[in-house]
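Each of the two complexes below includes chain A, the first together with chain B, the second together with chain C.
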Partner chain A sequence: MTEHLAFMRTRISEVLTYRFELLFQLINPLLQLLLLAAVWRAVYAGKSDVDGVSVSTMTTYVTLSTLHTLLMHDQIVHWVEQRVRSGAVGIDLVRPIPLLRQQILSQASQVAVKVPMMAVVFPVAVVTTGLVAPAAPGLYALSTLLGWLINCCVLLLIAAVAFWTLELGGMTFLYYVVSQFLSGALVPLWFMPGWLRTAVEWLPLQATVFTPVAIYLGKDGWGGIGVQAMWLVLLGAAVVLVWRRALHRVVVQGG
Partner chain B sequence: MTGVRWQLRAALILLGGAVRGAVQYRADIVFTMIAGALYNGAGFATIWVVLDRFEVIAGWDIGDMALLYGMRLVAHGLWLVPFNQLDWFSDHVREGSFDRYLVRPASPLLQLLTTRIQFSPFGDLISGLVVLGAAMSAVDVDWGPLTVAYLVFALIGGALIEGGIQLALSSIAFRTLKADQVKLTVDSVFNLFGNYPARIFGTAGQLVLSVIPVVFVAYLPASVLLGRVDAAGLPAVVAWLSPLAGVVVATASYLVWRRMLLGYQSSGT
Partner chain C sequence: MPLIEARGLVKDFHRPRRRTGRFAGLRTLVSRERETVRAVDGVSFSIESGELVGYLGPNGAGKSTTIKMLTGILTPTAGEVTVAGVVPWRKRQDNARNIGVVFGQRSQLWWDLPLVESLRLVGKLYRMPRTRYEENLAKFVELLDMRPFLDTPVRQLSLGQRMRGDLAAAMIYEPAVLYLDEPTVGLDVIAKERIRKFVADLSSTSGTTVLLTTHDMDDVEALCERLILIDHGKVLYDGTPAALKDSYAPQRELVVQLASPCEVTVAGARTVESGEGVVRLSFDPAETPAAALISELFGNYPVTDVSLQETDLEDVIKKIYAGRS
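And then the complex of A and B:
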């Protein structure tokens, strides 16, 4: 336990080195939030209700999905890529904590830094876009945790590609572009055209942002949690398998 | 010796070198162009999905929105293709490599712009042209010589606004050595809010977007072309003359750049 805490402490101080950069990272989500709230208010054009969804539900959706997306943005792919490319992964391997667990602790460290940052964004978001009360606070918290864990698994799978190709910059960029859409961060699933909604429902990314926010709004319940749990088991198993294989590929190029 | 023609010849020679450097990585060129195009595609996809369900936003249907999005993106690409090296300007100042440009006869700005060539802006430009082309056939506008000429002037004007603002903001780095974050933030505002009818942002929002001046890039000229002149709270004639704003902004920004250059003291590295 002590070594886990020590590891997390170094990670957190590493993230905090760039705290001003981190603060600036908040500006973009805030701008996006203002934009999306204005767009939804405009398309509702005074209607109180569309398909059983009120305009205050939509502005709450925008606020929460922005915060959840911020929580999902993670440096882990970049970190793993750097360690593998530079050969420093050799040092990571001799640490007393297994390599995969180090990555999960790194991801948890980033959350530890990000949550206080969100405390800064949150009041601004509430004032500018509004927020309704949660329909099921306990279930929402559980779903948020599951969503975060699923996101960790997806990112660890992408990061593992570094053991095979050494270059992930383009792939991560594409992933972030596509995931904004597939996670429901921009448009909620209930307003997507039927075919798109079906496709998105069969993919794991909607379980990272859309499901917790839908549960907060009372639009989903234990069913959503069940789907999240299934994805977590599947993706978690995939991560363990892929990382076990990846370790056999480690080539330390002269350190 | 350093007349305009001489400067242009110097620019061509420098640019040739940059192109020869970049074509060593052909796969990377293709990939960055595709990534740029996809990024813009996601922005438009959001508008498309929302309008698939709601049909109009502040009276603008999908064709109108595509015209606005296409005009904004083409203007963005038009300034970014020649001026993308401004993104690295702060680095040049901090690392002292900008000092090298000052002791050579060619214009420092021109040397900066021809240091390297980036291909992702071509992705912006191409995807912008695709959206704009599709929009032009979808909207209810009579495309005659006059409207097409207005469109071309609007695109150039929009490019001059975005480029001018970024040039002026870059020149802050002459004093502070770093201006990246403020540039990125302003760029985000243009990229996010420039694609929507400013009316939806309320009176305060329209005022801010008129001052920055995001609305002049595509929103005002697009509203003129679509025959629903919306001046975002300004006199209607301003919307008609919006393509000229680019000339004003670019000239003022170049003067700011020159003035800030005079105060440059080098980072000492």
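And then the complex of A and C:
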């Protein structure tokens, strides 16, 4: 246990080395928050609800989905790609903590950096955008945890591709664009046309942002948790399998 | 039982076959055709606890690939390997606890953090008791003279400082085996000397088993009592440096200074070079003892000085590399 905590501590101090970079990471959610809030206010323009969704529900959705997106945005893909490309993964492989566990600990360390960032974004969001009381706080917390874990799995699967291709630039760019949409970070699923909503519901990404926020708003419940649990089991198994294969075929670049 | 044992170790790498000619790049991209390169081809050796072995070979001979299989980074294509009773690639973490590794070309230190932070993390990762860690840290700071840069971020260290930091990180938890993959590459004479002294001390006082790859024959002369020479993935030689010199370069050289220039002819020795009162003679010490040769020279010629040249390992290795296919 101590070695895991020590590993996380080191990762955190490493992330904190570049404070200027962290400042920029704060601008991103704040901008998204204010722009989305402006758009939805224009859509509502005087109406108290659209398709049965009240304006307070919608502003709460914007506030929470922004915070969740901030939580999900993770450096792990970039990090793994860099280590594999440079051959530094060889060093990671001779550490006494298994490589996959090192990545999970790295992801957990990033949460520790995200919490103070959220402490800045949250009050701004509540004041400028709005927040209603949670429908089911306990269930929401559980769903947030599951959503974070599912996101970790998805990112670890993408990162593992680096062991085969060495290069993930295009793939991660595509992922970040698509995931903003498919996770419900930009538009809630209930405003999507039927066919799109069905498609999105069959994909895991909605379980990372949309499900916890919907549970907070009382629009989903144990059903959503069940779907999240299913995705976590499936993706978790996929991560273990893919990483096992990756380690077996690892080629260390550059002598 | 030997501490490190490799039997018939083979490693193949696959890479896409490069096309040439029209649209070569595109055709390489869509082709599934691959070629196989055998980097290590049936390497066997065993190393006993406490040995300090030099693992030598030209660039691309398969040295680093072997080290990567011994450390558990790479999975062998065929053959067997055990290190302290553990199959490295099957039980990477168990193996990691038994070994220390220094790669001259990369670092295990955390780039953005002060050196001491990396060492502290290593201490924790290997579950060292606090007092033991403090003792070893103090010892290594002293031995490797790390005090001036202990709190400097690793990215600001010079290569020599970084290498000392890496050695400390590899050894602070007292592993039984130390792998050094070109630890002196790119270092100045003083830095090389310091690292050699550290490794020699470690080997003699702690009984650490060391496997060293290097291109610097001075490293080998200073440290290794045994050499394993490989090329094209196969073992060419396994034995002492002295025996290697004897079998590949049995001739020794004697440089003779003369009071006045004259022709020198002695039985059992061949003149290699002569001029300006200096003559270089080559002889086989097995047939002509050096003492006999020297006394004959003093008896017959106006000799002012003689010096017997040591066979240079560098020349021997050069000869072997040049003689390969």
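Criterion: the second predicted complex is superposed on the first by the 253 of 255 C-alpha atoms of A that agree within 3 Å, B and C clash if a C-alpha of one lies under 4 Å from a C-alpha of the other, contacts with A are read in each partner's own complex, and residues count from 1 in each chain.
The definition used in the following text is that contacts are C-beta pairs under 8 Å (C-beta built on N, C-alpha and C of every residue); 3 or more make two chains touch, one makes a residue touch a chain.
What you are looking at is a predicted structure, and each value in this text was computed from that prediction instead of being measured.
Residue contacts after overlaying the shared chain place A:I104 against neither chain B nor chain C. When the shared chain is aligned, no partner comes close enough to touch A:V227: not chain B, not chain C.
In the superposed model, A:A42 makes contact with chain B only, not with chain C. In the superposed model, A:T10 lies in contact with chain C only, and not with chain B.
Contacts of A:L93 after superposition on the shared chain: chain C is touched, whereas chain B is not. Legend: residue contacts after superposition of the two complexes on their common chain; A:L174 is shown touching chain B, with no touch to chain C.
When the two complexes are overlaid on their common chain A, residue A:V132 makes contact with neither chain B nor chain C. Contacts of A:V53 after superposition: neither chain B nor chain C is touched.
Taken together, the two structures place no residue of chain A in contact with chain B in one case and with chain C in the other. For chain A in complex with chain B, the residues that touch the partner chain are 21, 24, 27-28, 31-32, 35, 38-39, 41-45, 50, 170, 173-174, 177-178, 180-181, 186-187, 191-193, 196. Chain A contributes residues 2-3, 6-7, 9-10, 13-14, 17-18, 86-88, 90-91, 93-98, 248-252, 254-255 to its touches with chain C in the complex. Residues of chain C that touch chain A in their complex: 13, 64, 68, 71-75, 92-93, 95-97, 99, 101, 103, 105-108, 110, 112-113, 117-118, 120-121, 124-127. Listed in rising order, the residues of chain B touching chain A in the complex are 31-32, 35, 38-39, 42, 45-46, 49-54, 56-58, 181, 184-185, 188-189, 192-193, 196-197, 199-202, 205.
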